[in-house]
Structure formats: structure tokens, C-alpha cells
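Here subunit A shows up in two complexes: once beside subunit B, once beside subunit C.
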Partner chain A sequence: MFAITTLVAVSFSVGGAVLDADLSAALLWLILFFTSMAGLSRAFVQEEEAGTVTALRLAARPDAVFIGKYLFNVTLLFSLDVLVVPLFWVLLQQTVALPLSFLAVVLLGTAGLAGASTMVAAIVAKAGARGPLMTVLAFPVLLPLLLGAISSTRTCFVGDKAIAADLLFLFCYNGVALTASLLLFPYVWDE
Partner chain B sequence: MFWQILLGIWMTAVILASFLYMPATQGLGQTGRIIVYHVPAAWLAVLAYLISMLNAVGYLRRGELRLDRQARINAELGTVFCLVATVTGAIWSRAAWGWYWNWDPRQTSIAVLLLIYTAYFVLRSAVSDQARRARLSAVYSVLAFLTVPFLVFVVPRVYASLHPDLINLEQGSFDMDRKMLVVFLASLAGFTGLYAWMYKLVARLENLLDKLEQQKRGEAESER
Partner chain C sequence: MQTKVVLKKLTKAYGRRRLFADISVIIPDRSVFVLHGPNGTGKTTLLRIICGHVPATSGEVEITVDGRLLAREERREHIGLVSPDLELYGELSAVENLEFFAGVRGLPFSLEKARNLLASVGLAGRGRDLVDTYSSGMKQRLKYAYALLHEPRILLLDEPTSNLDETGVAVVAEIIRRQKERGIVIMATNEPEEVSYGDQTLALGQPGTGHLAQGPAH
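Now for the complex of A and B:
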């Protein structure tokens, strides 16, 4: 819902003008970033509030818990993509020169968003703070991913450069974020 | 005491030399003198952040609060030097490139560094329990440290940098006048000494505060 509101707001405020590829790529990723901040920050807070953390800690190993949360978040963001990206295309009249690569960029980008945000969400839940802390902590960690995703999305819209290196970059970010999270998660989870 | 006085004289000499002894640089002109302050500050910021991150890893492995304190003090000092580097860089950028800030890759990466450590301090202030604060902030600093190098790959692909390079990679040599090199190295040594002294002062202050706290607690217990 948050995503659709933002998307409609963006579409209204540009007033049907056809946007530059640079600009609309940046807008797409801003929408996805803030939506995932709003949605994913709840991932672990819910468990803390409902008091189910202890049971979960007894029942499963930390990496199992992390992978479960991560997969759930990835699924959540993918279904968000299914909603937002077609609407984005319809409302902002954006032509896409490389549709298949665009799909890959969106999927790899959102998977990366989910990976790093899951880890930050675990930290935020333990910190016992609500609201803006999630965005403050996640932004610097996600910035390389966002910049990379924006520039490769622009390439997909225009289709003027080779995309393979960009896809490799996004893939590597995913790998590093996931490995680091798996190594660090037990320190956050166990007390 | 001896070392502090020596450091004071040393830094005064460096400041005088940077204006009087050192020649104006080729290409950059008079603005090139800022190299004596800007580069050592940036180098120390990186050094202090690196030490902070290593201490965070050490804390996660051994769980000693002493290491967490070292990580925090180094992060604070690193931020001080990082601010100095950012501000001197912005002033130089006004003179050399026309405006204080224009998102040159170097400016982007230093801004991200500042963002990370701001977030680090926000996280620390949000948690009240000591051990938990130490663990969470250590995890965050390692996570940030691992993802940031990606910026080094993205940013140059998108924007070209205008930042002057100290080390000429093609010739494998320092692009510096002899006199300038002497002043620069002296300044680097002086700044590093300054950092060591600042670190010692803060660590001593914190230890004294700890002792004071313990003493108060002891008195309160004996009264009871």
C-alpha cells in the first residue's frame, strides 16, 4: 500500500510528463528503498513484541532463523516488484530497451535490499528502537547497491551500454551481504 | 610532558614551513599548500576507522568490554579527522573547482564514511545495556566495512574524478617537489603524534571516570 501511494504521488507530481531515463531510474529505486525500509523493519520487532523470540531461539539454529527471515523478505519484496514495476511502467510511460536485463536488475537489486535489510532489522529489533533508526542504519550499507542498481536500470531503459558487468556487480553485492550477514547474525541473535 | 612540548614545537614548525619554506605547487598554485593538512587528516581518519573496526572484530571474538571502548574512542577520533578532511577538502574544492561540493567520487566516499559513523553513534546512543550495545555496534561496523568497498567499484564507473593523485602509478613515484615532500612527511608524522596523544588522553579520562564511579559505588555500599 505504501509503495502504491508513493508511486501514485510521484506520478501525480510529475504530472504525466515523460521523464528522463536517469530520473525515472532514480525514482524507481527510491520508491523500492523506502518501501522496503517501511516493510522490512518489522521483520524481527514482531517476534520481540509477541515474546516468541525465546521459543524461536530454542527451536532453531541462528542461521536457519536468518535464512528463513531472509527468504520471507525476498518473497515479500518480489511480490512488491510484481505490483510496482508494471504500474511504474504504465504510469510513467517509461520505455525499456532491454526488458530481460531489466528484470534481472530488479530481481538482483531487491534481493540485495532484502539481504542487508534483514541483518539491519535484526540489529534494530535488539536495539529496542522503533522507526527512523532502520533507515539511518540501512542507508549507508545499501548505498552502493542503490547507486549500482540506479545506473544499471538507466542502462536498461536506454540500452546504450553493455549490462553484464553491472549484473555481476549486483550479484557480488548480494553474495557479500549474505555471507557477512550469516557470519554476523549469531552475535546479534544469541545472548 | 616532554613529548607534548616537542609535538607543539613540531606542529608550529610544520605550519610555518607550509607557508614560508614550501614552494607553491605546479598546477595547483598556492592552493596546493592545503596538502599539508588535508591529506594527513584523511589518512588518520582511515587509520582510526580501521583500528576501530579491528577492535570491533576483537570484541566479537573475545567479549572484553575494553576492546569495545577502544573501538568507540577510535571511531570518535576518526570522525574528528574525517570532518577536518571534509572541510579542508571543501574549501580547496571552492578554490580549485569553483564550488564547495560537487559530488566528486572522493567527496561521495567521504560523505558515506561520515554517514556510516553517524549511524554507528546513533545506534550506540539507542541501546542502554552495555554488553548489548557493544555487540550490536560491533556487528554494524563490520557489516558497513564489508559493503562500503563496493562504492569504490560503482562510483568511478558512473562519474570521473578530478581529485589530484599523490602517487603517480604509471611512473611509480611521488609527484612532489623535494622541499614539499619534507614538509608533507613532517606534517604526517606530526598529525600521527597528535592522534596518539589524543587517544591516550581520552583513554585516561575514561579510566579515571570508571574509577570514580567504582569509588562512589563502594562508598554507597559502606554507608549501608
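Now for the complex of A and C:
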């Protein structure tokens, strides 16, 4: 709902004018970031609140739990992409010079959001003040990804330079986020 | 088929508040070990330390199965837990819960096995009902089905008969009897009847100490 409300509000406020590519790219990723923060923070909090975390901790290996939650979050965010990206295209009338690269940027960007956010969500679930903590903790971790995704998206919109280096950066971010999360998650989960 | 749990100089403190100190116990195979004492003396915490869910301030827990000392991450394969703070998924049925946890543990699952397990805890015919619709006593029974799903060597019971009626209490007594034949039962309780099951009992209560006693074999 946050995503739809923001897109509709912005499209009405600009009155049909096409936004600058930089602004447009930043807007898309801000919508995806804040929407994912609202949804992904529940990944572990729900287990803690329902008391099912004890049963799960005793039955499952930490890496299996992390991968399960990560895959769920990736699926959730890909579903969000399916809703937000076409709406973004229609309402803001943004032209895309490199559509296939744009698709890759969106997929790699949202997978990166899911990877780092899943780990942060596990930390947040252990804390008392859960509400604001997710965004505060996730922001510095996700800032490099967001900057890279915004820059790549802008390039896809304009098509004025090569995109390969940007895609490689997003791919590497995913690899680093997943590896670090898999290494650190057992400490968060078992303590 | 030998199981042994050794608590070595276990101490647990939260900040400056010490729950218990220097607890050393050997719990042999085919025995029941009972922790008892007033609320807040660390019975549940001690069970959690044995599970590996809470770190001890000092000391260690050694679990040996068939002569092999288990690493902490291996304990989950051999431990079953029933505890008031353990909940199963309310939005799933009892059978779905068992299927899920069998999958998570990498165990083969069959409807017949689930039905037998549920029947053994007194939930025959209720396996398809959502757990959210269960009474607290039925949820307690389902926790036993969850704990016994992987036929653990060590069964940890925290307040084992809470919320249970007379039939449920009899079911738990039978589970403890059968578990004693294949491994170890460690339970935290203040019910005199349950304390009497203990081959060894440990009274937690006086700050910083615990009193170990040999109990009557049941």
C-alpha cells in the first residue's frame, strides 16, 4: 500500500510531467527500500512473538533457517517488483533505454535488499524496541546497494554509458551480503 | 546405545545476580533427573543451557551419545524439549506442524506416523484441526508429539504437566517411563509426584548453591 500510495501521490503532484532520470531512479529505490523495511522486519519478529522460535531453534540448523527466510523474503520482494515496477512505468511515464539491463538491476537490487535485510531482521527480533530499529540498522548496511542500484537504474533509463560494471557491483554485493550473513547468522540465532 | 549428560561446575549469573553456581552432576543413561525449587532459582535457565539456547556464565555441559561427545550444534538431533515458552504454529494443523518439523529435521514423514504419535499423546482424531483452535491442554499434548518426533535420547521437560487433566498427566507418566528405557529425562518441576520420579534430584533455591540428592527410583 505504501508503494502504491507514494507512486500515485507523486504522479498526481508532477501533473503528468516526466521526472528527471536521476530523480526517477532515486524515487523507485526509495519506494522499494521503505516497502521492504515494512515487510521484511517481520521475518523473525513473528517467530519471537508467537513463541515458535524455540521450537524452530531446537529443530533446525541455523543456515537452513536463514536460507528459508531469505528465499521467502526474495519471493516477497520479487512479488513487490511485479507490482511496483509496471505501476512506476505507467504512472511516471519513465522511458527505459536498456530494458533487459533494467530488469537485471531490479532483480539484483531486490535480492540484495532481501539478503542484507534478512540478517538485520534477525538482529532486530532480539531487541525490545523493534519498530524503528530495522530501518536504522539496515540503512548503513544497504546504503552501498541503494547508491549502486540508483546509479545503475539511472543508466538504464538514459542508456548513456556501459552498465556491466554496475551489474557486477550489484552481483558482488549480493555475494558478500549472503556470505557474511551465513557466517554471522548462527551467532545471532543461537545466542 | 549409551547416553550421558555431564554438568561441569555450571554457573549462571545475570549481571550481579547469580542464579546458581558450581553445579556438577553426572546424569547416567536410563535415568530421570529432576530440578526443583522456588520460582526464579534457574530451573528453566538450566534446561536452556543444556539445550544450548542460553550460554552458561562458566562451566560446561557435555553430552555423550554412544561414546561420542556431541558438539553444541549436534545436540538438537538428540534433544526433545517440552516447555511453556515453546509454541507450535497456530495457523497450521497438528499434522502439518509435525510434517513441517519432520522436514526441517530431515526425517521421513508419513501420515500414519503422525497419527500414531498424536494418538500416543491423546490427540487421536484431532490432527487436522488448526492448533489455534486447541485448548491449552491439547497444545501441551502436541508439544510432546513435537518433542518425541525424532525419538530423542534426551527429553527435557519444563513443567511437564502444566495445563493437563488427569488423563494427560497419565500420558506424561507413560512418556517418562518409555523415555527412561531409551535414554534420559531431565525435568524441572515443583509437583511432588513428578519430583518423586527422579533417580537424582537437584534442589535449586539457596542463592549460589544447589543440593543434589539421590531420589527414589520410580
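One rule holds in what follows: the second predicted complex is superposed on the first by the 191 of 191 C-alpha atoms of A that agree within 3 Å, B and C clash if a C-alpha of one lies under 4 Å from a C-alpha of the other, contacts with A are read in each partner's own complex, and residues count from 1 in each chain.
In the analysis below, contacts are C-beta pairs under 8 Å (C-beta built on N, C-alpha and C of every residue); 3 or more make two chains touch, one makes a residue touch a chain.
Quick caveat, the model's predicted, so the values are computed rather than measured.
Counting the residues of subunit A that each partner touches, subunit B and subunit C differ, and the larger count belongs to B.
Using the contact criterion defined above for the overlaid structures, shared-chain residue A:L184 touches subunit B, although it does not reach subunit C. Applying the stated contact rule after C-alpha superposition, one finds that A:L147 touches subunit B and leaves subunit C untouched.
By the touch criterion defined above, A:A50 lies against subunit C but remains apart from subunit B after alignment on the C-alpha atoms of chain A.
With the contact threshold set out at the top, residues 191 of subunit A are in contact with subunit B in one structure and with subunit C in the other.
The residues of subunit A lying in touch with subunit C in their complex are 50-52, 54-61, 64, 186, 190-191.
Across the complex, subunit A is touched by residues 60, 112, 115-116, 118-119, 122-123, 126-127, 132, 135-136, 138-140, 142-144, 146-148, 150-151, 153-155, 157-158 of subunit B. Within the complex formed with subunit A, the subunit C residues making contact are 51-53, 55, 72-73, 76, 79, 81, 83, 85-90, 101, 104-105, 146.
Interface of subunit A with subunit B (complex): residues 116, 119-120, 123, 126-129, 133, 136-137, 139-145, 147-148, 151, 165, 169, 172-173, 176-177, 180-181, 184, 187-188, 191.
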